[in-house]
Amino acid sequence: MRLQRGQKLLFIGDSITDCDRVKPVGEGLFGALGRGYVGMVDALLQAVYPELGIRVVNTGISGNTVVDLEARWQEDVLDRKPDWLSIMIGTNDVWRQYDTPFIQEWHVYPEQYEATLRKLVELTKPQVSQLVLMTPFFLESSEQDAMRRTMDQYGSIVRKIAEESGALFVDTQAAFNVVLKELYSATLAWDRVHPTQAGHAVLARAFLNAVGFQWNRE
Amino acid sequence: MRLQRGQKLLFIGDSITDCDRVKPVGEGLFGALGRGYVGMVDALLQAVYPELGIRVVNTGISGNTVVDLEARWQEDVLDRKPDWLSIMIGTNDVWRQYDTPFIQEWHVYPEQYEATLRKLVELTKPQVSQLVLMTPFFLESSEQDAMRRTMDQYGSIVRKIAEESGALFVDTQAAFNVVLKELYSATLAWDRVHPTQAGHAVLARAFLNAVGFQWNRE
Amino acid sequence: MRLQRGQKLLFIGDSITDCDRVKPVGEGLFGALGRGYVGMVDALLQAVYPELGIRVVNTGISGNTVVDLEARWQEDVLDRKPDWLSIMIGTNDVWRQYDTPFIQEWHVYPEQYEATLRKLVELTKPQVSQLVLMTPFFLESSEQDAMRRTMDQYGSIVRKIAEESGALFVDTQAAFNVVLKELYSATLAWDRVHPTQAGHAVLARAFLNAVGFQWNRE
Amino acid sequence: MRLQRGQKLLFIGDSITDCDRVKPVGEGLFGALGRGYVGMVDALLQAVYPELGIRVVNTGISGNTVVDLEARWQEDVLDRKPDWLSIMIGTNDVWRQYDTPFIQEWHVYPEQYEATLRKLVELTKPQVSQLVLMTPFFLESSEQDAMRRTMDQYGSIVRKIAEESGALFVDTQAAFNVVLKELYSATLAWDRVHPTQAGHAVLARAFLNAVGFQWNRE
Amino acid sequence: MRLQRGQKLLFIGDSITDCDRVKPVGEGLFGALGRGYVGMVDALLQAVYPELGIRVVNTGISGNTVVDLEARWQEDVLDRKPDWLSIMIGTNDVWRQYDTPFIQEWHVYPEQYEATLRKLVELTKPQVSQLVLMTPFFLESSEQDAMRRTMDQYGSIVRKIAEESGALFVDTQAAFNVVLKELYSATLAWDRVHPTQAGHAVLARAFLNAVGFQWNRE
Amino acid sequence: MRLQRGQKLLFIGDSITDCDRVKPVGEGLFGALGRGYVGMVDALLQAVYPELGIRVVNTGISGNTVVDLEARWQEDVLDRKPDWLSIMIGTNDVWRQYDTPFIQEWHVYPEQYEATLRKLVELTKPQVSQLVLMTPFFLESSEQDAMRRTMDQYGSIVRKIAEESGALFVDTQAAFNVVLKELYSATLAWDRVHPTQAGHAVLARAFLNAVGFQWNRE
Amino acid sequence: MRLQRGQKLLFIGDSITDCDRVKPVGEGLFGALGRGYVGMVDALLQAVYPELGIRVVNTGISGNTVVDLEARWQEDVLDRKPDWLSIMIGTNDVWRQYDTPFIQEWHVYPEQYEATLRKLVELTKPQVSQLVLMTPFFLESSEQDAMRRTMDQYGSIVRKIAEESGALFVDTQAAFNVVLKELYSATLAWDRVHPTQAGHAVLARAFLNAVGFQWNRE
Amino acid sequence: MRLQRGQKLLFIGDSITDCDRVKPVGEGLFGALGRGYVGMVDALLQAVYPELGIRVVNTGISGNTVVDLEARWQEDVLDRKPDWLSIMIGTNDVWRQYDTPFIQEWHVYPEQYEATLRKLVELTKPQVSQLVLMTPFFLESSEQDAMRRTMDQYGSIVRKIAEESGALFVDTQAAFNVVLKELYSATLAWDRVHPTQAGHAVLARAFLNAVGFQWNRE
């Protein structure tokens, strides 16, 4: 287990991270962390490693792109002084290209996505113990699907930046692909974007495996 | 124009037909026909052919399968004595096989779908002037997609029954395929099932063309 | 079809344009354009000409007169840089003279109406590809009715300004008059002002015919 | 003043009588009589003739036609044993012919209207001290208007039945016509049917004058 | 009738004047004037004298004392430039002395009441055609009751100021006393302050008689 | 203290007893006993005599008269098998005579009140350990007030029945009269019927003193 | 993993099982299984073993005791024909003895608890593949606490019945005790009964370990 | 009785003081003082000593610690110029250490608690007639419980500051301990913090006894 006693672990992202967390900052009791993978990560860390006292914070906001993250980075990431930072962003950067194709100012294209994400990572790396970069994903099994193809491209950018920066890398699309071999996408999300609790379990498990979590501790 | 002065045109189906129509029966002013293709058909008939006095009735109910239609056929179709009857059913019959695959009693498989639909058509044909059978559809451009493939199979059943019974046939999937060549499915429906108003315009236009509607009357 | 690939088409007006559009600007998915003629124009353009990618924007606000439009013209029209602009205004300018006749500061009389509308048209014409001027209307078949007579006078002003400026002209009153020969006004609107969906279909069709829309494209 | 100490005065009718009265029976404090002419009649009777102790009851129901009245006559009129009964019905009987002309089972045509109203009057006359028959009305000044013409026809039926039966007759249309000479219909009701409080004052005054009410008692 | 064609008549006061009027200013259609005596005055003026076009405005605010009126006098009275102004204030000035006797800063004692009201009257008199001063009232028949006694004292102040200033004087307590001889106070108001519609009719009638209103015009 | 370990104490009455208790029966945690004197009696019994384990039950219902109690006596009193029963009824029996004087079937006059209450007491006495009869009250200090006079008459009936039956007697009017010497009625209740929490403290203290409660136990 | 392809796993219990599941039966998408351990078990089963197609059903109802389960056993357990049945009951049986000690008919004492649970287990065992018995728990670390002591007694009954019947046994109290060594009870539940998501993770993990679930499958 | 005629008694604290009081300041009729011990103190003072006219004010705010009190001390205490001030604070200072142990900035440790409370007391003492210091409490009978132990430590600090400053001291924990000998904590509060009405009666009685209140005055 790489997380250490008393560390603060902050998640930032879009609606998949948000999941009705408490505003302005998701932290504390009463479902403050939301009903998604962040809440599940916190629950499993506390249930299995109660002595570590990991402090989980959720600052995801629905609808955000990487450009929105940049605008609130100081306040919602740096000022909170996390020990660990996990970023999962890109869904809306891509989705708007496909659901409102004529409104181009709502799109974030690959170069801007890459440049912005890299900038944020470089800015933050010196200030945290560990960075985790999670890819965005699309719950579609066909790699020929246009939006899946684009999402894979953004996932590759995340992988590249993770490698450059030494961040932990979580390939959420790969984690979902295992499940999508067995289950049609509609079982996990009618819109292929916002997962059921089972989909959030896939995300939580991928994250936890990356940080060395063990279900039955030795 | 095949609809004649004073005729009653009844639509039955699932949520795509329902679209928040007034309950127990969708008829009259104040959006009683719902916000979908039925309301648009009614609006265009009244706007372009006001002298015909076509009386449109909507009895769609969200979540219905062909089995649900059968259970309320006497009350919601026969007792209302329509001159024209339009049926669009099958979405949920198929969807439940893909979004809740383990709950088999929620599925309606092809044989049951075909037998039930045929029974309803045969029962009703002698009592109406004209039947319209609209296929169910799935807003996915790839014919290799599993659910699209199944939906196409159900569409073929509708075509077969239309041919047998002499009903007017509306191939909604074909109508959407033209649009899906230009637009990714998310533009028309995040869940590939419940269309935007543009998607309902596709349905309304397909229906109206089948009944001889002319935008600019000669 | 006079609308060209990728153009932005902005509608401004009063409650008949507004129709519960999303605020502060009506654009995008989920009924953002409202439940009136603007939403129907958008739906039919996208259904029939999906490859054009016309971007429709709605900035109508309930209760507005031409004086209210003037106050927000920079922000709600010019700053949004439309290629096409459609204006339909005047209902409230006239109606207040008839429903609250003693509150004169709520009235906009013909000279002010004409001067203000002309000013807005002249200001905007150099900045857009095409202007569409739609008359206000009153759903009353008798030309002797006092309010209908006044509304016709405002419609004439719109026609005059359209001719002066070379804008496309849509005579909505004329379009409704065809229907009012067949149907009593209460069928289209209890208050003779806010139309049913059928009335909005009359408006949408009149607009679309003016821009060269063809229901069945050649 | 023809109303006598301790008498019960019951009003029945449609939405113009109902006006959000308390259900199932409108009687007592806290606006139980609704916000229309019935409440105003009660208020003025109590304010000017407090010693009479007139007990006013409102059983109007929105949307009712004379056919609906017939169905609830025993329970809502006879069983309540009023001394005075006032009936104002016919608006919806006529309006449905004009706002939903194709749904004929919602219409009540003149013969049925006359026969039903006469039957109710004859049935009730022996059981009450005094009957008041108020005409329905339409807030349109032009007698050439189609719906006004029909409403006048229904008003004539009411007059005829009043004369036959010796009931007090209140010509509400005549009372409104005086006002409509000065004010356009929209000042009194956007839909020409549901009056403002001023319109209800016209009704209350016409009723009160018929029963011998004096604003400043001698 | 002392009100003349086209005059603006403004009412100011507390909850008895307010009665759920529209904010920020009560004027226009749809019950904007509230459900109290102001709305009834407007309704009767329009019903009986439609040709006068009296414009009634309501700026009453619940809970106000004369001190609260002073604070908003410029904005809510002078800036609105009424021809006629009617003031009814004092209920809360007195009531707080009796329902929360220990919170003295909520009380307005007679000297302050008199000085403030006189100041407002003197300030306004030159700017309006006519002033109407209505006394506050307490719906209690016993003159020995402590709060009734105090309220009568405030009523005397109003009478004195009316006489000094030549304002029309409306003795609402006297008008209610006639009714209270016949009816126990609970019939008109459970709390002896906020009247039923019958109580508002008493107020409206007292006001209208003061301005020369005639129920049946000669 | 006359209440003994483990006894069940049931209160029945009207809105003054009800005070938003939980329905169908007021018993248990979370304010189930309502916000009035019943909840305060329960709170003080538990706070001062926790070892007694008195089980308090509230079956008061707003608007009830003694006639309403009779109709639900078996279910709401006898079937619940209380050890102690406290009855406070009569407010509405009297009040309706004063607030809706013309609706006589809502009134319960003294003979019916006395006969019904006596019948209930006689029926119940053999089945409970102890009966408590509380008078109704009216928060008006003047004994000349008409409604106070009537309420005193009903209080006398309660006293008579208490004496006949050996029930504990609580003179709530007398308890309030002590306070009304110091405070005007509006401090305790705007409508002179529904007391503030201070008024409920008067009731609770009168009840508790009757049953031998001691604030500081010896 | 002891669960096999296509089996139906039904959970029954009280509020800890219920957790806002959909009524009347918790099954399907959109959080139908509630926000507690049942939903988490389902999510992890589907995420890690998607090919098994385990069908999870939740029939927990807040506030239930074992006596309430008995009353609905036929409908909510037997008629649903589960392959696996998991029971966790007893919280309310014990809690009512401590939070409403004077209302004895709300308590379920050990003998009744044991007899009823044994009866349900024996009745059901022949009809299911596998039974899981989970103890109730109390989130209090001190074994000397009165309610904890009682809850442990009920847990022993569950253990005894599990041994008799060969059911899988899940000692939830033991699972929580490990965590309670590190964290004060208030971290897991303010009321020591309804756990946070972390507490539900403890429950889900204890259940899953009992059925052979492996976080990282071999 | 130490409270004297006309004095103002202000309570400040956290949710136990707040109890849904009116904001921004709890004072006046209609439950403005909240549903807790403050409202009960006020009710009993007014019921038993109506001639004193004690003016009770509630400025408690849910969730407050002593640090939050300090931030609003000028506005919510000093500016209101109370004669008596009662402070009960510390619950949240302690609770956060136990329910969210990893979020240390939410904790107020003993030194800060003591220093801040002493500073507020010293600042205020010269400006009021009398200070009352009430300890925080925890509804747990075991003195070995960790949170009870900490709460007792904070109670000792309150006692020390009361002795130093000559304030009246109310040992709420001691008052509750008497009851907790008879009743398990869940009867008074599921979360051991927010009492039932019976728990508030314990608090009110402890306060009232400290100020010389006598239930039956001599």
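Per-chain residue numbering starts at 1, and chain names A, B, C, D, E, F, G and H are given in the order in which the chains are listed.
We adopt the following convention: a residue touches a chain if its C-beta (ideal position, glycine included) is under 8 Å from a C-beta of that chain, and two chains touch if they have at least 3 such contacts.
In UniProt terms, the chains line up like this: A, B, C, D, E, F, G, H = SGNH/GDSL hydrolase family protein.
A quick note: this is a predicted structure, and the numbers were derived from the prediction, not measured.
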item: Reference interface A-B: repeating pair among A-C, E-F or D-F with over half of contacts shared; value: E-F
item: Gap in Å, rounded to a whole number, between the CA centres of subunit G and subunit B; value: 45
item: Whole-Å gap separating subunit D and subunit E, where each centre is the average of the chain's CA atoms; value: 32
item: Interchain centroid distance [CA atoms averaged], subunit C/subunit G, Å; value: 62
item: Residue list for subunit B, restricted to those that touch at least two other chains; value: 29, 99-101, 183, 187, 190
item: Full enumeration of touching chain pairs; value: A-B, A-C, A-G, A-H, B-C, B-D, B-G, C-D, C-E, D-E, D-F, E-F, E-H, F-G, F-H, G-H
item: Subunit D-facing residues of subunit E, complex; value: 29-31, 33, 35, 39-40, 42-44, 46-48, 50-51, 178-179, 181-183, 187, 190, 196-202, 205, 209, 214-216
item: Residue ranges of subunit C in contact with subunit E within the complex; value: 99-103, 106
item: Partner subunit G, residues of subunit F touching it in the complex; value: 6, 27-29, 53-55
item: Subunit F-facing residues of subunit E, complex; value: 95, 98-101, 142, 144-147, 183-184, 186-187, 190-191, 193
